[in-house]
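Chain nomenclature is as follows: A, B, C and D, assigned in order of appearance, with residue numbering initiated at 1 for each chain independently.
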Amino acid sequence: MPHGLIVPGRPPRPSSQQRSGPELQEECGLFGVFGHPQAALLSYLGLFALQHRGQESAGIAVWDGEYLDCEKGMGLVGEVFERAEVAAWPGSAAVGHVRYPTCGSSDPVNAQPLVVRTFPGTLALAHNGELTDAGRWRADLEQKGAIFQTTSDTEVIAHLVSRSGRNEAGEALLDALGQVHGGFAVVVLSEGELFCARDPNGIRPLSIGRLGDAWLVASETCAIDSIGGEFVRDVEQGELVSIGEYGIRSAQFAAPGRPALCAFEYIYFARPDSDVQGKNVHQVRKELGRRLVRAFPVDADLVTGVPDSSVSAAIGYAEESGLPNEIGLIKNRYIGRTFIEPTQEGRELAVRLKLNPLRQVVKGQRVVLVDDSIVRGTTSRHIVGLLRQAGAAEVHLRITSPPYRCPCFYGIDTSSSAELIAARKSVEEIRQAVDADTLAYQTLSELTGALGYRADQLCLSCFNGDYPVPPPEGATSGEGRGGRQGGLFSGS
Amino acid sequence: MPHGLIVPGRPPRPSSQQRSGPELQEECGLFGVFGHPQAALLSYLGLFALQHRGQESAGIAVWDGEYLDCEKGMGLVGEVFERAEVAAWPGSAAVGHVRYPTCGSSDPVNAQPLVVRTFPGTLALAHNGELTDAGRWRADLEQKGAIFQTTSDTEVIAHLVSRSGRNEAGEALLDALGQVHGGFAVVVLSEGELFCARDPNGIRPLSIGRLGDAWLVASETCAIDSIGGEFVRDVEQGELVSIGEYGIRSAQFAAPGRPALCAFEYIYFARPDSDVQGKNVHQVRKELGRRLVRAFPVDADLVTGVPDSSVSAAIGYAEESGLPNEIGLIKNRYIGRTFIEPTQEGRELAVRLKLNPLRQVVKGQRVVLVDDSIVRGTTSRHIVGLLRQAGAAEVHLRITSPPYRCPCFYGIDTSSSAELIAARKSVEEIRQAVDADTLAYQTLSELTGALGYRADQLCLSCFNGDYPVPPPEGATSGEGRGGRQGGLFSGS
Amino acid sequence: MPHGLIVPGRPPRPSSQQRSGPELQEECGLFGVFGHPQAALLSYLGLFALQHRGQESAGIAVWDGEYLDCEKGMGLVGEVFERAEVAAWPGSAAVGHVRYPTCGSSDPVNAQPLVVRTFPGTLALAHNGELTDAGRWRADLEQKGAIFQTTSDTEVIAHLVSRSGRNEAGEALLDALGQVHGGFAVVVLSEGELFCARDPNGIRPLSIGRLGDAWLVASETCAIDSIGGEFVRDVEQGELVSIGEYGIRSAQFAAPGRPALCAFEYIYFARPDSDVQGKNVHQVRKELGRRLVRAFPVDADLVTGVPDSSVSAAIGYAEESGLPNEIGLIKNRYIGRTFIEPTQEGRELAVRLKLNPLRQVVKGQRVVLVDDSIVRGTTSRHIVGLLRQAGAAEVHLRITSPPYRCPCFYGIDTSSSAELIAARKSVEEIRQAVDADTLAYQTLSELTGALGYRADQLCLSCFNGDYPVPPPEGATSGEGRGGRQGGLFSGS
Amino acid sequence: MPHGLIVPGRPPRPSSQQRSGPELQEECGLFGVFGHPQAALLSYLGLFALQHRGQESAGIAVWDGEYLDCEKGMGLVGEVFERAEVAAWPGSAAVGHVRYPTCGSSDPVNAQPLVVRTFPGTLALAHNGELTDAGRWRADLEQKGAIFQTTSDTEVIAHLVSRSGRNEAGEALLDALGQVHGGFAVVVLSEGELFCARDPNGIRPLSIGRLGDAWLVASETCAIDSIGGEFVRDVEQGELVSIGEYGIRSAQFAAPGRPALCAFEYIYFARPDSDVQGKNVHQVRKELGRRLVRAFPVDADLVTGVPDSSVSAAIGYAEESGLPNEIGLIKNRYIGRTFIEPTQEGRELAVRLKLNPLRQVVKGQRVVLVDDSIVRGTTSRHIVGLLRQAGAAEVHLRITSPPYRCPCFYGIDTSSSAELIAARKSVEEIRQAVDADTLAYQTLSELTGALGYRADQLCLSCFNGDYPVPPPEGATSGEGRGGRQGGLFSGS
């Protein structure tokens, strides 16, 4: 279709079977600035550092003291925005967003920030995560006469803000956020203030920083770092932080629930140079690697991590085991998210294009292959196959997290539980399916130990079905929940 | 800015001073199809025939029995859509829209059709005209918690539909349209029906046609003609027509007011091959030309009309006067609507590029120049100047309509009355301002005579300030309304 | 295909059967500037005035005293260039080109100006017309080791310049142009000079003008006019004009042959406000219309011209006959050159979209329809059909030129003579084919009389096969040349 | 500038000071296919695997038995081509190219393959490397009447082919390649054959592979691997390989000179999973790392490689030294080649965005930082600075190659020698300039030892000025060549 199209309908969307991208789709990235003359440019740079959290769309909204403007589009930050134009965009407060669609289809109207003209004024909302009661609220609001133009959860929050009856944006947000449930972080720009909030269980991360006199907000600390800022603190569970000419203020929109940070932020989503709730992601992943050695030792010649997510864990595994940490697979940096192959043959070819085995490294070797998770199993089977074709004598697959058995309702796109191989198969069956010589998963207790939390301080629901916030009604029935609970280790 | 941008903020918009386009901006064009397997393609072709009514954006929404999809973008129909893709778009009901922004800024989010998910289902709304109570309704609705994503009047109607409490789209539309006021025509596509309606005074035109078994709806009959259809009838004042599998049904959403079709549809907007309320536009314009001869005779050598809008009137003038009808100005067909000149020097150059005088025709001649209206006077002064530079001995300007003194509140973008030269100056002063040897305007009674209506059967408010629907509160105060009322004829 | 593609291969090209555009394709337009600080901007504006001569590609090359830069692309001037960027392009000499491909396929590499690095320096060549010996020269040059990157005649001239052995561009051009034959006009920008030349018979037009101290060159005087310049003189037959810091110089690259300006420049190609060799096109066309009345009188109620090319002739016809000159067909201004219909049904629909009959004008009337030529006959048949469907009682077709029987070898794209209906059919057979009540063509002697030339002062080869320059070998054999020579008038 | 522009002039090009990309620019990548029904698709996939060799433009030419078509554009393979369109492109022979401009400016006309119509037919030429006598040949050919449309060396070869007088493409190529000098690899597609050749010293690599019955040619074996092909052999020095319906043939266009493969292919350019002349790049780099430990031992806590080029060497360093191999810097995968910062402040910010130090890893540690080379020194200074800001106690910089002192004339874009820090400064001065605690370069003998060649079997000219092919006249004078020859190790 030609340029400039605004397509609020139903665009073609690849099914999860067709994607040759990562099996676990990232969520979204949020960035906010208050009190800096180049708020748009800082947001643009900050979004570059959060691009790993969402590559489908990018958007920035800026308050210039008179208007709240927004520009957004489909694609990477560098595709949607021209640096020179962003640098020339005046305004001292801004909010930016990168998106991978966890709820709401991959539709341009769902690109964020969402700009709405509400009773308390014009707002730009950026959201990461998922509301468990979005469907119920939509039905309720539509019945009360609300009209929806997107299919994103963010619009539900906008309606609740508008209907709160409050004429101050901060008051209205307090009111609105107190009514919704789920795992979420939000950054909202109004005509003069910047707001940020985290759900009562703190499932999704959100951090506050400073750059000189300006305030920064980011999904991950690497974005604060990357533009030269200093980390200040995380947003608290159920907290709404307001930043304005008056400085910074805190309020609770809901009482904190049990702490339940998503464990997958450590395992897979966050960048290694981010600190999530004070713990460095790289160090945590190294520890995950180390613990796999102790729990499931194996005779082997070398260890290699699936790039890029498991490179840190492989370092830990190598240090603990004394095996050399090698480059067994070369990742092609130029195969983008849009590389969709329509045929089975094409998808196998695509895996090879993306990950070429280093024959001279693995030939004749007993290889420990470290990966972060197995979702559907197809990618793991391809990678094990690549290593075998390259001459690996044995392939021992080590997964830094426990079996992924249950769907996520807080922002990770794991489709239906029917697609989760661990919901249907035992570890031994999975080992056979991916054709590894041995397969071992991290245990839950090793996982929480490595992360340095008690089990009741994290969201581990994808592993154990213990949902800190009730899932949407009817959502967890079906075979997914009742997957066979085999042992975590299976070997030949 | 790069491609694919969705820009709901405030894009740069040329002020009326900067535009080198026509002084009276066209409104919008509507097209609808029900019951044809190529509904999208027919809409695309129909919009080509209505392109003169709006060149800023184009959009089509299609119902394929399962989804209601919409594609729209900034630019001409042929720029926004690829014919082959439209031809491959399945669906038997569609609504199309071309837009010039009369209310709501020239912002991509204001492109129509507007697709909304409401209580009675998903709707695509296309709108021509203006609501006089839109501002009041927006304030009221926002206070009740409605959120707005566009600045267009259409979104007000969508909210009233959604809040009607009715769960059938037709019922909800009846309810919503009964609550708003102004001059408007709307075409709405729902999940299975096509609706069209005209305001209670019938200010904006809307016609129904057939193509085989399919139903067509169009702002002008030329669009029905152009795709080979047959005109059936006009939509009536205050009527909501519903078209569905059941056939066609009529209902009144409001009692008809006094008939008040916009006279400017005949004078300027409509295409000469359209019949507006049964009267052919070309024939009406010829009659307007003829009556100028009788009322304001002048000795001259030839008559020429400003292309393209006054070509029909010049034919009438020539026939009645016996003067030769000549081509005095060549219009460059390739200067698009976006040819905006930032400087005064540039704007004069642009007028010359657009309209080059035919020196060999006008040199030494006494020229009668026929035009449809004078809004700010700048374009008229430029054109008279071009003829004089090309050697015209005398230039007698004849305007086919009365002095344009009052702003329109029903869909014509005449900016503030402060810009209307006839609101501030007498005819003699205008003559001096545009540097014509003589200047004559049509009188109101000749106008209504030529159109074949009584004065109380038309909207003539831009000439006489007699508004059939009360303007927005406070809108008509100021100098504009009290313009000096000089005679309609002034000569040297 | 995505943006930024440079495609030197073989793009899809619609066959002449698929085009719904004009049957006679325009040629090319040339524009040059020397000695003005805004040479790029003037070229851009001048090309707008020449856009009717070519809509496929547009290009401008500018000499800024240091570099000779060129930008070009597929599409209209307003699509290829952004006004603001052109205005910021420094340089005091420039050459511009708009193209319709008469030789060389519709391939982006054939877009002009063609920039080449030759022995006498870097040159930008712009060319209108066709070389009759291009094929022979290509074969010869390739055998001598020349490589070609385009399929355009212009590249042949570039090779001859480069191989002339001269190290001054002007000397080399004199040498090169003296070796080629055909009908052509060229404008060439070098590193410091601007050159313009016309073939020895003067088949293609080229005019010189001034704007203050700057020199202008243009295919038509309307472009000089449109930017406020003054016409100075035409380039002479076989003349090479050099413009530099030294002023203007003239040289003959070849002795003038018999004068042979293309008659179709008056009949169809040029804009009515241009003077071609001192004669105004509009006035000539009016005279063509007048002479048709005298030669082939017919009882009728009104006359109408096919827009836009025959509007002038219809005025002349009306004046001479006393019949009213009416608007019988409304041309849709928004149907672009790219509106290609793949199917027969689609093409008929496209004609209707482009030209809608004014039913209220033609119904029940005996219509004289004036057109400039009949090439294949399909368009004429469609238009006559439209008038009949709209109720015309009789349609009398009057063609302002004689039957078009022979292919052009000097720059008009008439494809093979097999497609020329007049090469195969008598006038009576053509009348039947186009379904007119009567059909009359202008006679050759009336044509030359109206144009004010003797027959041996014009190129009339498309009418009488008398080629002023020998066509390419073997090119005129076949049925085309020996078309049946029926009388010029045939009636029912 | 708008879409579809073909710009043969002089586009803006960032100076090397402005680029924030790698200091050593990659060269070009070549790929060819013969005898496969999906030749275009295979080329597209192969180019993805070679994208690291050039990101400025991409192009593919295909022979379909009738036409030789070419599509190319500015940008990455995935930006220039749509997979679906490539997959639908018929033809059994193809050549593809990705480009970083080593000679010829970054101008779209220089995109390759270059398609030329020559005496021996139409050819598509793709070229990697640089001719040392290109300038002389251009002057000579221009004097003989050749015209040039690009500034690339490839066009020189095309002219020599065309002027060879041979009418078979293979014969003409043999003749042409025998006349030029430099370091180059070429792949040429004709109307029916595929040719590949390597310069007489074998400076640039080129390998042959098979995929079923089809033949493949690629700059690196990783491209053959990535599409599932098998490596067959390298093209030999001075060899022209012809592939056609007849099978594969070999001929020498020149006698082999001394072997002189570019050492930088191992050090920096090639992908780790490629085998260059039979040696695996990853293993060679590991050995380079190992040898640095032995030659320049240092007390430290960890080793880290600059991603991505020095990751392999860091593994070797770690293995040999026993130090842990850590991730000290996180590379942002989304900062593209076009991220150009106009200001000094901006460039420092850009380095931070691209490479964020892992504070938790380096804080308080004595870090060995392994990099492949120091060109201007600015990037090294930035990286050392980042590690110090992150708290590194000491930074010991280890370079896997000797000081880069002399410009390359065979395809690496190192600008003038004035920019080479090692041409002007001693190792101690460089250490101070980059602010490292110690700095050590590999010695030449360790380099050749690690690569497994004798010094006279490689091109080491950038280190020792020993050029296997004479540089262009006058090119090596100036300060660059006589840089101070300090020791290779300097420490605090």
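Here is the rule we go by: a contact is a pair of C-beta atoms (placed from the backbone, for glycine too) under 8 Å apart; a residue touches a chain by one contact, two chains touch by 3 or more.
Being a predicted model, the structure only gives us computed values, none of them experimental.
Hopping across touching chains, the smallest step count from subunit A to subunit C is 2.
Shared contact partners of subunit A and subunit D are absent; no chain touches both.
Chain centres were defined as the mean of their Cα atoms; on that basis the chain farthest from subunit A turns out to be C.
The distance from the centre of subunit A to the centre of subunit B, each centre being the mean of the chain's C-alpha atoms, comes to 49 Å. The mean-CA centres of subunit B and subunit C are about 36 angstrom from one another, to the nearest whole unit.
Distance between chain centres (mean CA atoms), subunit B to subunit D: 60 Å.
Among the residues of subunit A, those in touch with two or more other chains are 3. Taken together, the chains touch in the following pairs: A-B, A-D, B-C, C-D. Residues of subunit B that touch subunit C in their complex: 3, 45, 48-49, 51-52, 76-78, 83-84, 222, 225-228, 271-273, 275, 280, 282-283, 308, 311-312, 315, 319, 324-327, 330, 332-336, 338-340, 349, 352-353, 356-361. Against subunit D, the residues of subunit C that register as touching in their complex are 1-10, 61, 67-75, 79-82, 85, 108-109, 111, 115-119, 142-149, 151, 155, 158-159, 161-165.
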